[in-house]
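Quick one: this structure, given as structure tokens, is what I'll be asking you about.
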């Protein structure tokens, strides 16, 4: 309930029309299921239903603009989408409202420098492009992506290129593909950011520009298939690249190779593992089984967390939160690690570099050890090609 | 109000390599960016324009390769962009550079406010803004993090000094140098970015600029590089270990103890407040 | 305007003391003046006579004090005009100024006023066999230094950053003192001071014996660095990345365009060791570095390098030190 100091809200037909054109917001009948399922709704920090409603109120008159509380805390986990009875793409509404924020230069501190880093350095880590391929150190032959004529590109992504922990996953995937006899090439220092962060933050122009440049790059190389390490890159490239290029997450390709017998997994057996569905692989794209099959093939005994598959709890890293000191990241990751430990499994496996980073950060907060691994690393160990 | 923002394009620091044999800088394959504190200067100028109206022009001195960076400034919101470009401007030290930029400001018909970044990240020395002010005969305020226009003809500038912040009123026209990081820089607008690719960037050469040909470029530079030498670094032990946090901490503590740390006297009860922004 | 009119050092007074950088330069300038065969003059502008005599124990041949009650604060116009007048009258060969903020505000303007060369932020100076003053400045990218000379114009103006030269102790011998009482009135000022807020934190990293420095790898969490610094009786510094990201004040930035420090011990956490940073710390007595990346260049600049996550290591280290 707005208090006595609340500014009067003023409906703006123009803004509402724009919202209606750009999103499914008109379908919303304000049932509140989205808020009910949102992991950040606790304490009123993020009220998704209200955001969709407020989207129609404008600030054409000074002092009447509504605030959109929690708009920037959203991790775009799409739990709201999963719960919406009308099938509204609520995440798209969030992105649209964020875009409006950028137009008005009304965004929280820390995001402008992040976008400038993307613009100037081509990645959110402020790392030089000239160091993008250093993760390949130690790889040789086919695993180093040296197959020139290959029509499959292993798209590494900024995190797996620059973050030492995530680089291990990249090496594991590269070695697995080579072991399965899948020729692939790497884009090396020329690989561009997929643009998932600008997209999630509502800076669509940058996302589209990056997608266009990557599309052109792949067209020149004759690429027909792109395999990504990160589900975020998977989602962004799927949304941004031209239709002719097939985009897969590595778990989907490795799963195919496993069932066709091209990938042999028989070595070191994994123990009891609980698998965390990354939002951008699971809920956003319905890819739940391939990573599980891969873990089982590696001898893992899977135990499910109470919230899994479509209802998996977000790690807190999406929606631009990876690069902000945000409460969201900390709280969600902590809660998820507690849930994982509750299964009794000593290993929490996932298939997203953001999730791995968030859980590792939370790990220190908990007592007792919980090993955080990427599915690729488990499979690589079992296939005898460790990272 | 007419504001001119002086902008410089600098190489990305980590990408410049030193060829220790030829003792030259290898800038091949080096990316460039708009000098970070110049972007802050642009933001401050645009914020003033948001509140008080007027025009913001970006001015730069450099080769034609600077043009795309001026377009970035247009996409952020500058109204127009001017590049002073001529081989004759090359090799300039701060005296000649500030002279040339001052001529640029004059060519634009003068300005009420000239805003620059406080220093450039390629080893800049922050000497251009005060020099520019002297050539133009304008007032100056350096190391500023906040600007206001309290009344006609007066600029109120908050300077950040070593021991505190000083708020000064200076008369317009004035040259201001702005601290990088004083304000977040609004991100560029992609619609404006598209338009900026087609926009005309006015390029002015030495003859069009006029002024004293002896005061520009190498000729106008009283300082010269007489020689280069390698920097000798102190020898280091270069011991590298990789241990679990527990063991690593113990090892570091041992080394610190050997160095006499922590000091014998107990520190004051509570750590001071973090001077974070 | 040719010399030999002397080597002048402009000493900046701040409250009840001279800025350390001014004294550091005065200490070094004695050798420069001797090598050039010229007189060493310390010049200052102060509100009261007493301060001038404080300057007389640092080895100058003469101390010139410009004294006027209105000189209790720095003003660009007043100080540029004053120094211009003195310089034109005395025709020095060299004029040194400390690269404090006001010092740079003044030096840049004065150099153009006098149409002369300015060599800024030197890391060392020497007089070459040709009797020229050479100011060495770091070449962009580090690893090399460029020697700058001002062959023709006079005075050659040179600015020096704090901490570059050692701070001399006051000596027994006293310089000759000459007092000048310029005419200054309200109209001489180019600015009007509306307010001055002293800063609570007047940390001078160049004076610290122990520095705990954070870079990109801290992810903005400087709390644990503060604790470690406090435990070790030191101060917290940062790399450019950390200050650009807004995690900590610009004043804490160490490096080529920040401060050059020479602590006895430096603990560098989560910094890759780009040379623009290491130039600010390479004079440290002992360097400990922690970084997740075994190939980070910081390990080339460290005595003891630890590959690992800084957060758990620092947290643990603080506990270990508390138990000590």
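Chains: A, B and C, in written order; residue numbering restarts at 1 for each.
We take it that a residue touches a chain if its C-beta (ideal position, glycine included) is under 8 Å from a C-beta of that chain, and two chains touch if they have at least 3 such contacts.
This one's a predicted model, so the numbers in the text were calculated from it and none came from an experiment.
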item: A-C or A-B, whichever has more C-beta pairs in contact; value: A-B
item: Chain closest to the middle, measuring from C-alpha centroids that were averaged per chain; value: B
item: Centre distance in Å when subunit B and subunit C are each reduced to the mean of their C-alpha atoms; value: 19
item: Gap in Å, rounded to a whole number, between the CA centres of subunit C and subunit A; value: 46
item: Centroid distance [mean C-alpha coordinates] between subunit B and subunit A, Å; value: 36
item: Residues within subunit B bordering two or more other chains; value: 14, 184
item: Where subunit A touches two or more other chains at once, by residue number; value: 109, 113
item: Where subunit C touches two or more other chains at once, by residue number; value: 244, 246, 312
item: Touch list for subunit C against partner subunit A, complex; value: 216, 219-221, 241, 244-246, 292-293, 295, 311-312
item: List of subunit A residues in touch with subunit C within their complex; value: 109-110, 113, 126, 134, 137, 164-165, 325, 364
item: Subunit A contact footprint on subunit B (complex, rising order); value: 12, 14-15, 29, 31, 33, 39, 184-191, 193
item: Parts of subunit B lying in touch with subunit C, wherever the complex brings them together; value: 11, 13-14, 16-18, 20, 23, 25, 36, 93-95, 98-99, 119, 121-131, 133-135, 139-143, 156, 159-171, 179-181, 184, 221-231, 233-234, 236-246, 248-253, 255-257, 259, 261-263, 265, 267, 271-277
item: Residue numbers on subunit C that touch subunit B, as the complex places them; value: 14-15, 76-77, 80, 100-102, 104-109, 111-113, 115-121, 128, 132, 134, 136-153, 156, 159, 190-204, 210, 222-223, 226-227, 229-233, 236, 240, 243-244, 246-252, 256-257, 264-265, 267, 274, 276, 279, 282-283, 285-288, 290, 294, 299-309, 312-317, 319-321, 324
